[in-house]
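Both of the next two complexes hold chain A, though its partner changes from chain B to chain C.
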Partner chain A sequence: MYIILIAGFLGSGKTTFIRQLAQYLVNQHGKAVIIENEAGEVGIDDQFLAREGFQVKEVMGGCICCSLTADLTLAVNSIEAEFHPDWLVIETTGLAKPAKVIGTLTSYGQGIDRIYTVIIVDAGRWPELMEIMPQLISAQVSEADLVVVNKIDEIGPDGDLARVLAEIGEINGRAQVIPLAAAMQIEETIFRGLCLNARGGSEDSPA
Partner chain B sequence: MQEAVVRTARLDLHPSWTAGELGRRVDGLLLRLADRFSIKGIVPGHIKALVSEGERYAVFSCTRPGSVSMKPSAQWAETVFQHPQINLNVVLVNDWPVAEAERQVDEIVAQLFPGSHFESHCHHDH
Partner chain C sequence: MTNAELLAEKKARLAKVIALEKPDRTPVILMEDSFCAVHMGVKLSDFCSSLKRENEVMVSSVKAMGPGVDGITAPYGAGNLFPLIFATKVKLPGKELPDNTLWQLDEREIMTVDDYDTIIDKGWGAFQRQYLIEKINYPFDSMMEQLGHGQEFINNFEEAGYLVYSPVVAATVNEQFGGGRSLPKFMRDLFKIPDKVEAALDVIQAETVAVLRQQIRAFKPQVVFLSPARGASAFFSPKLWERFVWKYLKATAEVIIEEGAAADLHIDGDWTRDLEYFKELPKGKCIFETDGTTDIYKIKEVLGDHMAIKGDVSPVLTSLGTPDEVYAYASKIVRDIGPNLILSSGCSLPPNAKVENVKAMISAVTGR
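Moving on, here comes the complex of A and B:
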């Protein structure tokens, strides 16, 4: 089972990205499961993705990077036992630090071949968020295998995509960085490349 | 560090609302909340709502004042709503006192949906 861990600040576009990624995985492999972790007792993203027709397991009422590590372990291991999916997509809360989630999965997860970490960054709010929450944003970006610089269509007239990309490169020079606008249709080649890298370079197997 | 103010309601609309009317009202709710909670021209978090009735649904999302995005299901635009379910999540960082954030959310919800009872749900700090 390959895990794609999707993290990034609140409202950066994680669910919008996952909606299209999951559709690609279903089309290519026929089976993909999503774990949704949201703050609060009533979820929105999990219900939305379930209504879109995806297999969703919700972990609610806290964060899987700190207070709900046991719930995350139980969810991952029960999904592996019950469904044996090729792909498991995990969406964290917007404040999660991926390193802690990876630590939990590495220590206690069963049937995991690889974990690939995708951080979604809100290009439109980048300067303000780096001012308000620099430690969190940097901690998230520094753990990425892939940084998706989302909402590039929302960069204002005074904004500067090149500056955003340069600052991300300073935080994490080894990650692949892809600028896009997930509200539009994301090109399939991006998901193909993501899956290839998530599998450690081996080609996707057909459904 | 994080406050999630969660409110849910099942509206009882007489007369029924078109998708346009309902969408404008939810849009207005998120815009008012974004105005109230924004700092430095952005929402320091995420304000979102799922509105549904039967098979029809739409997600509304706001991360900066003056801008709400919506993802509707098929046939949303042609639907007339009588008992739509609204789930509202206002997730904020930057040390908003919980009680004050809740009070302000409830005040704006009451202005936009007068007479409707919105239930409060547990929130959790990060």
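Moving on, here comes the complex of A and C:
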């Protein structure tokens, strides 16, 4: 089972991205399950995804997220035992640092071949968020395999995409960086590349 | 030894740790609520039906863990009270959620930018009651009536020989907007209208602290739990953290100490960057309660000679680990953190914690 871990601050566009990624996985006939780990109104519309034929599991964690990683791991193990999916997409809470989730999944998760981390960044709010919460945003970006710089269509006249990309590159020079507008249709080649990288370059598996 | 003598011994033990003196052994305080329901075979929907029911189940659970436990953090569960702290709806088991699903903050923007002005003009108390009743449909008056039985709930533990660590619970005022506005909107407000946010927080702070003083005088607690849960350094730039978190956290802790109690600082998340600030609080009057995200060894290094430390057996270990793993970790921190440790879980014990793991944690102090 390959896990695509999607993280990014609240409102960055994780849901929109996941919807299209999920559709791609369905079109490629791979069994896919989604875990929603986000709280609040910006979470995934699980009804929508359920209508599309996905298994959606919601993980809740009381007040903040102190117990979420354990619950998430239990959910992953239960999904592996019940569905044996080829792909598992996990949306983490926007306040999470992926490293903690990955550490717990690596120690206690079952049936996991590989975990690939995608961080969604809101290009329009990048300067604002880097001023308000630089530590969290930097930590998230630094742990990414892929940084999706979303909402480039919403960058205002004073915005500077090149500067956003440069700053992301300074934080994490290892990750692939893709600017896009998830509100529009994301090109299939992007998801194909994502899945290829998530498998570690192997094309043997479904999707 | 009678239960009253046991209770006195436990209170004395806790007092020594807080004062940075050497106790006879490490105290064990269980921070738990939903776990108690699962432990006692009670559905979470039943558990949440009233504070009285929560108290009954929690007393039973603590008794079942045995006299090695010194006490419990609070005399009732947290779920029903979240709207009072976070100004947001909470989904409850048996209502919006299945019977055995843990309660969940239903965080969305309900409070508006205009509400900052209303709070500044009319005050927090009047706004809060109306807001909770009309916007969140919160059973405010019923909850106040139930909270009025707080002393009975405390007595139920104390008569059984267990202390209630923090009969009074407070939260830093930024939590009200982090929840009520929703965190993304609150963060945007800090960027766009910081002065207005601060003016509204100052109003809430003044009223909250006045109420807190009354509560401390009424209950005379040894410790007051103070939660700045969403105030972690990791969430704010240094400048904003100092202005919108530390300012209120420090002021509230000082009031608690001034009123004669110790301040339990419930530190969720990563606060490593700002540990030095905590030295500004009086020595031997606070407890740094970590959920494990801020490394307990780093806390000891920076604050070990300044305040007690509480924690931090993680929910991952208690729910996914084995008794041997839990025992090994708990024993390690008892040994390494030394006499200033209050052994506890990191944040609340999760409902899916294994009973044998909780017992293993306790046995790190009492022996296997």
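Couple of notes before you dig in:
Convention: the second predicted complex is superposed on the first by the 183 of 207 C-alpha atoms of A that agree within 3 Å, B and C clash if a C-alpha of one lies under 4 Å from a C-alpha of the other, contacts with A are read in each partner's own complex, and residues count from 1 in each chain.
As a convention for this text, a contact is a pair of C-beta atoms (placed from the backbone, for glycine too) under 8 Å apart; a residue touches a chain by one contact, two chains touch by 3 or more.
Since we're looking at a predicted model, the values are computed, not measured.
In the superposed pair of complexes, A:95 makes contact with chain B and with chain C alike. Of the two partner chains, chain B is the only one that A:183 touches; chain C does not reach it. In the superposition on chain A, A:128 makes contact with both chain B and chain C. Contacts of A:11 after superposition on the shared chain: both chain B and chain C are touched. Contact with chain C, but none with chain B, is seen for A:73 once the two complexes are overlaid on the shared chain.
Overlap of the chain B and chain C interfaces on chain A: residues 10-11, 39-42, 61-63, 66-67, 94-95, 128-129, 131-133.
Of all residues in chain B, those touching chain A in their complex are 1-2, 4, 6, 8, 39-50, 52, 57, 59, 61-64, 67, 69, 71, 73, 87, 89, 91, 93-94, 121-124, 126.
On the side of chain A, the complex with chain B involves touching residues 10-11, 16, 38-44, 47-48, 51, 61-63, 66-67, 93-95, 122, 124-125, 128-129, 131-133, 154, 183. Residues 9-11, 39-42, 60-64, 66-67, 69-71, 73-74, 94-95, 97, 100, 104, 107-108, 128-129, 131-136, 139 of chain A touch chain C in their complex. Interface residues of chain C facing chain A in the complex, by the touch rule stated above, are 34, 78-79, 82, 86, 97, 101-109, 182-184, 187-188, 190-191, 229-230, 233-237, 240, 268-270, 273, 291, 293, 314-316, 318-320, 346-348, 350, 352.
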